[in-house]
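Got a structure for you, written out below as structure tokens; questions coming shortly.
Should a chain be cited, it is by its letter among A, B, C and D, assigned in written order, with residues numbered from 1 in that chain.
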Amino acid sequence: MMGLLAAFAALWVSAKNLFRPMTTTPLPWKGRRDLPERYRTSFALVHDEHGDEACIGCKMCEKICPSQIITVVPGGRANSEKTGKPRGWCKDFTLDLNACIHCELCIQVCPADAIVMLREQDTPGFSREDLFLSMEKLYANEKKAPSWGTGARLIGMQEPPKPPKPEAPQAEAPKAPAEGATS
Amino acid sequence: MILGNPWVHGGVVGFVVVNFLMVTFAWSVWFERKFAGRMQNRPGPTEVGPFGLLQPIADLLKLLQKQDIVPDGADRALFNLAPPIGAILILASAAALPFGPGLVAADLDVGVLFALSITSLMVIPVWMAGWASNNKYALLGAMRAAAQAVSFEVPLLLSAMVPIVLAGSFSIADIVAAQSGYAWFALWPPGPGLVAFVLFFLTSLAEANRIPFDIPEAESELVAGVTTEYTGMKFGLFYLAEYVHTLVASLLATVLFLGGWEGPFVDGPHWMIAKALGLYAFIFWVRWTLLRYRADQFMALCWKVLVPTSLATLVAAALWKHLS
Amino acid sequence: MAVGHGHLPEPVAALIRARAAVPNPHLDVESYDPEGDLLVLNLGPQHPSTHGVLRVKLYLDGEVCIKAVPYLGYLHRGVEKLCEKLTYVQITPIVDKNDYVAAFSNELAINMGFETLLGVEPPPRAQHIRALGAEMQRVASHLLWIGTFGLDMGGALGGGATLFMHTFRERESILDCFEVLTGSRFHYNTLQVGGCRHDIPAGWETLVRQTFATISARIEEYESFVRTNAIFLARTRGVGVVDAELALSLGVSGPVLRASGVDYDLRRDRPYGLYRELKVNVATASAGDCQARFEVRLAEMRESIRLVNLLLDGVPEGPINVLKAVKLPGTVKPKPGIGYAAIESPRGELGTWVVADGSDKPYRCKIRGPSLHALSLLPYLAPGQNLSDIIVTLGSLDPIMGEVDR
Amino acid sequence: MSIDLSHFDLVAENDIVVVPVDKLVDVATYLRGQGFEYFVYCCAAHYPASESEPDRALVEYRLRRLPAEDVALRLWIPSSDACPSLAGLWQAADWQEREQFDLVGVRFAGHPDLRRIMLPEDWPGHPLRRDYAIDTRHFPWR
């Protein structure tokens, strides 16, 4: 009996919570919560500052991916129409989001900052094909909000800053396809 | 006049009462979900209708569409019979409940006994369901339910005897009449009445399998107790029986201890319903706050605390009646 | 005892005598109950309170358990095999999924194992981030445990659910902090061999401080919800008593061991990382029952909140990585050798035993999960208990099946 | 702070003792009596046959005397042989040895209940052996 009286303390707590503000966030079609900068969900391939497809087909992301969901078909070296300089190209790029574990390693190793993750809350699909990202879908995702992380930024965060070389990742980019081709 | 005919009167009032109970059940589920949601800092149902008010209808439609599964090896007849019997019994128990002067489907001389005995028959469909399901969890749940019903009948009836002794009648109308002038049995005589009210309330919680006494259902131990194998509307009927049982218990507590339809301004069914719904909401509050007792602790509570206390209360009430 | 003992020292002989009093998990049901009257109940794998997927075969006499046989492996994903096939830098996101409510601890344990082989030590800032993350994760994990423990006792449609929602509310705010730090709420992949992958962003300290101030103010609410609640006490006091000797012999660690009166915490007794400089107050209880485990976890939460606030004060500047950032799968190549490193995860001693053969992949990597050892208590605790108590006992041991089965 | 095992002709080096198979139970019993109550882990690794060595497994038991005194007993078990079980001394060895039997395929003599623990009873082979599934389409699976 005494126990049932002591239970009133618990009743008081639950009554107090009746007047606390809601902690749940609204349903996606009624509004979104604020997503932090580093939020990461789906993927996008981006164009570089000249308007070329940034991916150089170096297959780094394919090699690092722990769940082996990325397939890159390199397209060989050719001159860029925009800049006129030779660089590597990517012929096909697929990413199977069904098995993705969102570890961000592919972003980190990308020497050309070509692949980024999205800062979008929901990326569901109605079938497995919807979550199989082809190259077109990945480039279409470029319009969505990108996450903060890119290869250069992640590497820059992890390594002590080297003041004289702020443009280091871009400078390294042309070298990468050669490495990819030899390995 | 045609309403003077007891059959017609009973039919009309019964129709109204049954509909009242069903509608209250449906929207009490909505209320409970909203209430629990607020208690847990979340909005509860919001999508179906304004404030999710049409949620009960959506739930009903969903339940009606569900596949009706009878498990292999189940006793088909008993399995299918159990949910409607439960619903019928619990709705029948409301027949003797008056909502106002004359507003009763069947004004029985032994109304209290009728309502209590019909609600205690609820163990039969529960046991039927548990046995017929061919499921060990359901069987364990049914065994617990039977043990619980058998032991909690005693303090329930003993505490219900207190207003009967004080009013000197088994008729609910007489009991309510005896409380007129705000001499509610929960307040007057001081002591036995209040204790009997608390006991009646607790044991009704146990009878209706509500937390902290919901050990027959005990979803963390017995998956869903007797309703483990039920799907669709059959499950819905069990659900209905459970909620209406709680509601009937609140109504009974109102007429027995809280003066029935008596209240400020105008006496009438609205006071009866308001008091009952207040108790009902309190049950939700308790349900969403407390944890569950273990079966044996709960039996110990019943036989070692509740039964002696209710006996003592009954004796005290009888003495009071005898002396005054 | 099939083991041939040549000579028995007295302590061992005493141990064998004491074993006779302990319930026998290998009890032969056929000879115990030749008529087959016992009710065999399969608790799980589809059961609301088997913490993921666990099947326990219970032999019940009425509702009292005679023997309990856990069947594991429903969540076996071959993590140790995966570790043999992935390079050292790729393993971190995989082991996140082991103890899926305390992913940070997993990453810490496995990376410390690899760092033992490499002989490197992360820089001070990385050590701070690691300790901070581990303590935050401990609070989050214990909050989840309190909630699910409530569910075990109060059901999904009752007070337990309310407690669960309240603790989840707080846990979510911790996950929000992790989200700001790493971009992910659950499986962070934020540590790597030699340091961390994510540096502390601007304004993060304030966020964490606010979060933990709220939580420490609300811990009292959970206490009044359960601790002073007589129903909670009736359900937990004297239920599932773990004997200290049995617990040690079963390799049980963490709060379960400390609740049995063994004052043992790896953070203090085998300090690693920043804990070499940090003084950790270890909470213990002597009763060994479910209530004691609750008290220990509650005290640990308070201590962790204190440590988080302490650590936030002194995050040094500097690099967060002693090795170069990962740009290729095979950059980490330890010399051949065998290493073992253990941390105090929210559930106890989470260790990594790595055999390196000089290549960029571990030759063999075993994860010593505390949940497996805690769960192995169940066959010893369940006999003689009511079915309801078995659920509570199982909940109080806090096994995470992802870590048990790996 | 290595434990003195000189009367077994064994030397502990950085808490690690390489124990011959036939001495394991005696050493373990001695350690149990010396207060090594806490069983940390039992691990095994499979080494396929090479020119110099037959097919064998490395088994390591780690025992601890609280608070922080470790000893790791390291054994080389030829595949034809069985490792003596320590389940009679530390109850934890029961499940740990079952796990190693299941995954690495080391047999433990004298174990009270040597069944598979993680994998189904009818699983073919032991996945953590180096020769597991090398001739199926699953290899090399990455």
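Operating definition for what follows: a contact is a pair of C-beta atoms (placed from the backbone, for glycine too) under 8 Å apart; a residue touches a chain by one contact, two chains touch by 3 or more.
Remember, it's a predicted structure, so these values are computed and weren't measured experimentally.
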| item | value |
| --- | --- |
| A-B compared against A-C, more contacting pairs | A-C |
| Subunit A and subunit B, separation of their C-alpha mean positions in angstrom | 55 |
| Chain centre separation (subunit A, subunit C; CA means) in Å | 30 |
| Computed distance of Cα centres, subunit C from subunit B, in Å | 43 |
| Junction residues of subunit A - those touching two or more other chains | 4, 7, 10, 13-14, 17, 23 |
| Junction residues of subunit C - those touching two or more other chains | 86, 159, 162, 166, 169, 225-226, 229, 231, 234 |
| Residue list for subunit D, restricted to those that touch at least two other chains | 142 |
| Contacting chain pairs - touch in the sense defined above | A-B, A-C, B-C, C-D |
| Contact set on subunit C toward subunit A in their complex | 86, 89-94, 96-97, 159, 162, 166, 169, 172, 176, 179-184, 187, 189, 192, 195-199, 201, 221, 224-226, 228-231, 233-234, 318-321, 324-329 |
| Subunit D - residues contacting subunit C, complex | 25-26, 29-30, 32-33, 35, 37-41, 43, 45-46, 58, 60, 62, 66-68, 72, 84-92, 94-96, 99, 103, 109-113, 116-120, 127-128, 141-142 |
| Complex interface listing, subunit A residues touching subunit C | 2-4, 6-7, 9-10, 12-14, 16-17, 23, 36-40, 60, 63-64, 66, 101-105, 108-109, 111, 117, 147-149, 154-155, 157-160 |
| Of subunit A, residues touching subunit B in the complex | 1, 4, 7, 10-11, 13-15, 17-18, 20-24, 27 |
| Interface residues, subunit B side, partner subunit A - complex | 35, 38-43, 46-47, 202, 212, 285-286, 288-290, 305, 309 |
